[in-house]
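One structure is given here, and the rest of the page talks about it.
For clarity, chains are labelled A, B, C and D in written order, and residue numbers in each chain start from 1.
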Amino acid sequence: MVGYKFMGKAHSHAYKDVGMFFDLEAPVVMKAICGRDEQGVKEAADKFGWESYETDWKKLVARDDIDFIDINAPSDAHKEIALAAIAAGKHVFCEKPLALNLADAREMLDAAEKAGVKHAICFNYRFLPAVQLAKQIIESGKLGEIHHYRATYLQDWLVDPESPLAWRLKKEVAGSGTHGDLNAHSIDLARFLIGEFDRVVGHSRTFVKQRPIPSSTSGLSGKGTSEMGEVTVDDATGFLADFKNGAMGVFIATRFAAGRKNHNTFEIHGSKGTLRWDLERLNELEVYFREDEPELAGFRTILATDPSHKYAGNWWPAGHIIGYEHGFVHIVYEFLQHMANGSPFAPTFLDGVRCQEVLEAVDLSIERGKWVGIEEV
Amino acid sequence: MVGYKFMGKAHSHAYKDVGMFFDLEAPVVMKAICGRDEQGVKEAADKFGWESYETDWKKLVARDDIDFIDINAPSDAHKEIALAAIAAGKHVFCEKPLALNLADAREMLDAAEKAGVKHAICFNYRFLPAVQLAKQIIESGKLGEIHHYRATYLQDWLVDPESPLAWRLKKEVAGSGTHGDLNAHSIDLARFLIGEFDRVVGHSRTFVKQRPIPSSTSGLSGKGTSEMGEVTVDDATGFLADFKNGAMGVFIATRFAAGRKNHNTFEIHGSKGTLRWDLERLNELEVYFREDEPELAGFRTILATDPSHKYAGNWWPAGHIIGYEHGFVHIVYEFLQHMANGSPFAPTFLDGVRCQEVLEAVDLSIERGKWVGIEEV
Amino acid sequence: MVGYKFMGKAHSHAYKDVGMFFDLEAPVVMKAICGRDEQGVKEAADKFGWESYETDWKKLVARDDIDFIDINAPSDAHKEIALAAIAAGKHVFCEKPLALNLADAREMLDAAEKAGVKHAICFNYRFLPAVQLAKQIIESGKLGEIHHYRATYLQDWLVDPESPLAWRLKKEVAGSGTHGDLNAHSIDLARFLIGEFDRVVGHSRTFVKQRPIPSSTSGLSGKGTSEMGEVTVDDATGFLADFKNGAMGVFIATRFAAGRKNHNTFEIHGSKGTLRWDLERLNELEVYFREDEPELAGFRTILATDPSHKYAGNWWPAGHIIGYEHGFVHIVYEFLQHMANGSPFAPTFLDGVRCQEVLEAVDLSIERGKWVGIEEV
Amino acid sequence: MVGYKFMGKAHSHAYKDVGMFFDLEAPVVMKAICGRDEQGVKEAADKFGWESYETDWKKLVARDDIDFIDINAPSDAHKEIALAAIAAGKHVFCEKPLALNLADAREMLDAAEKAGVKHAICFNYRFLPAVQLAKQIIESGKLGEIHHYRATYLQDWLVDPESPLAWRLKKEVAGSGTHGDLNAHSIDLARFLIGEFDRVVGHSRTFVKQRPIPSSTSGLSGKGTSEMGEVTVDDATGFLADFKNGAMGVFIATRFAAGRKNHNTFEIHGSKGTLRWDLERLNELEVYFREDEPELAGFRTILATDPSHKYAGNWWPAGHIIGYEHGFVHIVYEFLQHMANGSPFAPTFLDGVRCQEVLEAVDLSIERGKWVGIEEV
C-alpha cells in the first residue's frame, strides 16, 4: 500500500478486518506500507499492522512477495505508481480520482487492460448495504422508469476562511477541488444506480481565494501560518445533467454548507416510486412505492441492517448499525474475491475514466457557458 | 372575487377568518363572488359566505359597492380582468402567475402604477411564520454572506399517466406548466429571502405527452375519457442560477416525484449558518449556526409556533400547529392593512414581473442551450 | 356558547368554518356567546361572529332560540351549567374534563341520558385524519393483537419557575393539573384506539410548589406579581396501565419537558405492526407492517392529507397540511350531524366518565403506593 | 477470552482494532479464546485473530501468559469463571448481567475487591461519543436540575411466535429475559447519566408462552423444530422509577415492538433543557436548551463525530459516522489503560451489582403489586 494518512488508515483497517467478518477465498497478508517520511510510515506500519514498510514506492512495486498494490497517495502520484505496478504485473486498487485528468486516466485504463491485471477504483460508497439495496430495488423494476436524479455532497470544513490551504486545495496536487473530490462520488453513484450521462452544464465558485499556508503537511486540522497562498481549485460546483435514459439530474458539491458534515445524498424519482439516501445516516434508505394503497403509502425508512440486506449479515444482528469504514471492508472483500477467483467486480479503472469524463465535461461547460455532451471530451 | 375553485376557496376562507384572529384597520365585507357557471358560483357564494354573486366579471368590476377585486380565475383571464378593475379604480389582488407572459405582466404593472391603485400578487408562502423567521434571520446577519440556495418544489399527481388533461396542462390557458406553477413560488421565495437573480440555465421535460381528456372541467380528480389530448406544458423544469450577490442556486420543480405531495423546500448556506424549510412541515424551520460551540452545534428544528414568531401569536399557544391556508389569512391581513392605512406591502405586481422574468429567462436558456442573463428577456 | 378564551376561540372558529368545508344536514347559526366580563364577551362576540352575547349563563340557557349549548368555561363551572342546559332540554357539548370529580361526571351523564338530549365531550384529537387512520388500521386487523401502548403528553410552559399561577394550577378551579388536563387526552385516545383500562399505578410531582400570583386573570402569558401562591395541582403525572385486552401501557404527562411544546404522542405495538403519532406533526402517521418483505420493511411516514384520509378531502389537495384547530371543526361537524340526523357519535359524556375513572384510579394508586383496578373507583 | 459467539466476535474485534485507533500504554496481545466446542472455537480463533484456543476455561484461567480474562459466555457461567479468574489473580472483564442473581453478583464484587484485581462490566453504550456528550452536558450543569428520565429498549425479534426458544429465553441459563438483557442497559445508562434509583414499580408479560425448540444451539436465527418448549422469562417489562435526586423515570423493554430493531433510547428533561438519544442513530444527540433565544430555540441534532466529541477524533473526519461495535473498542481502550496505568474506570462489578439491585427490585414490585425501595432487595 502506498499512502498512510486518512485513506491509508481506512484501507489498512479494511484489510485488517475483512477476514474476520467475511470468508475469503485467499487470505490477506498485509505485507508492506509505503510513505516518503520514514518516521511516519514506520509508525503507521506498526499501528496499522503491516509486516514491513518502504519509503520509496519503486521498491514496493519491485518486491516479489507482493501481488497487489493499493494506491492512496495524493492524486498527482496515482498515475506513475499505477503504471509501474501494472508493468510489474501487480493487480492495482487505486483511490479516486484515478488521475489528474482524463488523458492520464485513459492511459492507466489502457495499461491495465493490456497487462491483464485486475484493477479497481475505490468508489467505496457503492458497497454500503443501503446503497446496494437501492441498486437492487432499481434493477428489480420496482422504481419503474427513472425520471429524476438529484445528488448533493455537502461539507463545511472550508466555510471558515482561516481553514488552511491543504493539499486538496492545490490544483497541481489534487487535480481538482470539491468537484473532483465530492462530485466524483456523486457521479459514480449515479452511474452505478441509473446509468450513463448524456450532457451537462455547470457553474462553480472559489468563495475564499486565499488561505493561510499550513505550517505542517497535516492539512485539514491545525492552524495555518500567517503567510497566505492561492486556492487554485473550486470550493463548490453544481451542474445539471441529462442522462442517456432520459432522466434529469442535478448535482451540487460544496465545502461551504455550514452544518452539513458529510452530506452525500441522492434522491431518485421513478414512475413507480422514490428512493432517498444520506451518508450521514448511511444505514437507512428511504423508499416510497406508488403501488402501496393510497391511504397507507408513505416514505419508508428502511434500516438496512437486516440479514436480508447485502453485507449486513456479516456484521451484527438487525438494528446494530455500521459506520463509514465498513464500505471499505466490503469493497476490499469484493476485490480480493475478484483477484482470487475471478468473480465479477466493478468499479474498475473504466469507471474511473467514465467518472473523469463527466467531471471534465462539466469543467468544459463552465468555460463555454453552455451544455456539453459527454462525447465532446 | 373572481374564481371559486381551489384558490377561490382558499381566498374566501382567508377573508372569512382574518377578522377573527387579527385586528383590522377596516372590516372586510365579502360582497360578491363571480364565476361563469351560475349554479356553481351560487353554491360557492352560499357555502363560502359571500353576500352576492355574479356570472360576468365585467358586472362585478362595475359595481360601486366594491373596493377591491381578488382574481383567482385561470391564468389566461388575469390580464383582462385586472386591467378592467384597475381602470375602474379598484385595488387588485391577483393569483400567480400574474399573466401568461412577461409582456402582459409588465402591462399590468404599468397600468396599476399609473392608476395609483394598490396591487398584490398572491405569493402566499412568504407569509408563513417559519418563512418569516428565515427572512428575519437572514436580515439580522446571523446567516452571514449567502453562498448557496437550493429549492425544490416536488409533487406527484402527474406521475400516473392516466391522470387527466387538466387546464393546468394546456399552455394556452395556464401559460406554463410545472415551471410557471411551482418554480414561480420557489423563485419568489428566493427573491424574498436572498435577492435578485443574475443568470440562469435550465432543462425541462414533458414525460407524458398525451393524456385522457377529462369529462368535466374539474381537472385534478376524477377519471378522464378515452379520448387523448396533447400536453402542451412541461412536467418538470430544473435550472441553475447565479444570483447578483454571488450565490449559487439550484431549482427543480416537478409533478413526477412519487411520494412528494407538496415538497416545496429551500436550503440556504451562508458563511455563518444554514437554513432549511419544507412546506410539508411548514411550521418548522431547521437552522444551523456556526457560532454555536463545536461540540454543541447541530441543526435546530425550530417549531415556529411561539408568540415570538410572526403571526403565530394570533392563533394558538406554542406547539399548536397551523396549516396551509393560514398563509392566505396572513397575506390577506397584510394587504387589507396596506389598503386601509398604507402600511408597507410586498409582493406587488412588480414581484410578479420579476418572477416572470426569471421564468422566461429559464425558458430562453432551454431554447438556446446556454446561460441567459435576466436582463436579456 | 359559554366561555370565550382559548377554547372559546377554538370552538367559535369551528362553528364559523364548518359549513364552508362540510355539507351540513342543518345549518349552524351562531346565536350567542356568554362570559362574565361584559366588555370581554362583547368584543369576543364581535370578533368571533356571534349574533349576540350574554353575561349570565342562566339567561343563555333560558333562551328559546338556542338548541344546544357549548360549555368551555373553567372546569369548576361545567357541572352546574350542563345540568341546567340539560334540564332546559338543550343538547350539550362540553369541554374536558367533564367535571371536577368522578361523582359529578356520573351525575352529568345520568342527567343527560335521562333527559334524552344529545351530549358530547370535546376530545378533539380523535378527529384528526392521522388519528382516524390509526383507528381504521387497528380495526382492520392490520396491526394484529395489541401488545404495547405508550403515550406522552409533554409541554414546557411551567418549567420556568416565574411562570405565574394560572387558574389551571388551582385544584379548586381546574379539578386537576397536568394529569387531568393532558393525561385526559392520552387516556381518551388510548380508549378510542385500543379499548378499556383494567388497572393502573402511578406517581406524580409538583416540582415548583409556589408561583407568582398573576396580576390579571389572563393566566399563561404575562408576568406575575411579587406575591406568591401555592400550586395545588401536579406538574407531572406518569402511570403504568394494564388493559383489559392484555396490552401493557405507559403514560406520562408533564409541563416540565423543555422544548416539547405540545408533544402528544402515542406508539402502539401489535403482533403485526406498529403505529406512532405526534401532535406536533399531526398530519403524519408512522406505520410499520411486519407483512412487508423483510428487506423492504421500514417505518412509513404517511402524510394523511390524501382524499382517501377521513376529512382530508374536505380541505385541500394532498400535501397541503392542516393545523390544530381543524380537529375542532371535525368534531363539531360530527356532533352537528348527530344532532340533525342521529348519525352515530362518540365521544359522549360516557367517555368523559370513563376517562375520569382512569384519572381517579391513578390518583388513588398514588395515595396507596400500589396498583388500583378501575372498578375500585 | 471465554465465549466466541455474538459477544465473542464483538469483543475480539475490539481487541483487534483498539491499538490501530488509540495509543495504548501497553500493547494488547490476543492470547487465547475459549469455548466448549473445539471445532467452533478453533475456527473463531483463526478468524478473529487469537494466538491459541482452549476448550476448558479452567485451563485458560490457569495459564501464566494471560493477565486478564474476558468473560462473554452465557450468563449462568459468569460467576464460576469470574471467581476462578479472580482467585488466579487475573483482571476480569465480564459481560452483563454480572450474574444470575443479586447474591451471586455481590459475591463476585466482594471477591474482586478483596483480591485487588481490576474488574469491569461491559456496559458498552456508555462509551459512544453521543452518550459521552450527554454525560458531559449534564455534568456541566447545562441541563439544570433533572426532572424526568424516560428510556425504551425495544426490539422485535420475538414478535414472530415461530421464533425459536433461544438460550436467552430460558431463565436457568439467562437469569432473566428482556428485563435482564435490555432494561439492564437502560438502568445502567440512567445511573451513569443522572444517578441512583430510589424505588420502582413494574409489570411484565410473556406474550408467547411456548416456542419451538431450536434444532441447534445457534439461537436467534434458523427455524425451530416441531417440538415446543416453555418460555420461562419475560418478553417485556416496564416500570416507573423515582430517583434519589427527585426525578421521575419510566422504563420499558420489549422484544415485541414491530419495526424497532434496537431502539435503545433515552429522553431527559432538566430545568434548563432536554436530551434525547437513540441507539439506531447512535452518532446523534438531540438537545434543547432553554437559554437559547425563544424564537431560535429548537431541538438540535448534534452529529457527534466532531474532533471535539470524545473518541470521535480517533476515527474519521467529522460526518463520517461510526457503528455499534465502536463502543466495545472504546470500553476496551479505557479498561486496558486502567489496567496499564490505573487511570479511573467505570463501570466495574459495583455497577453490575447496582444494576442488578434495580432489576430485582422491579421483579419484587411485580410480585407484590406495589412500589419497592431499592434498599429492600
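Operating definition for what follows: a contact is a pair of C-beta atoms (placed from the backbone, for glycine too) under 8 Å apart; a residue touches a chain by one contact, two chains touch by 3 or more.
Being a predicted model, the structure only gives us computed values, none of them experimental.
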{"item": "Partner chains shared by chain A and chain B (touch criterion as defined above)", "value": "C, D"}
{"item": "Winner on C-beta contact pairs when B-C is weighed against C-D", "value": "C-D"}
{"item": "Chain B-chain C separation of Cα centroids, rounded to whole Å", "value": "35"}
{"item": "Chain centre separation (chain A, chain C; CA means) in Å", "value": "54"}
{"item": "Distance from chain D to chain C - Cα centre to Cα centre, in angstrom", "value": "41"}
{"item": "Residues of chain A touching at least two other chains", "value": "260, 297-299, 303, 306"}
{"item": "Chain A to chain B touching residues, read off their complex", "value": "147-148, 150, 152, 154, 156, 159-160, 201-203, 205, 207, 236, 238-240, 242, 246, 248, 250, 252, 254, 256-260, 269-274, 288-290, 297-299, 368-371"}
{"item": "Chain D-touching residues of chain B, taken from the complex the two chains share", "value": "133, 136-137, 285-287, 292, 294-304, 306, 308-309"}
{"item": "Interface residues, chain D side, partner chain A - complex", "value": "6, 9-10, 12-13, 16-17, 19-20, 47-49, 155, 157, 220-221, 260-263, 279-282, 303, 305-307, 315-326"}
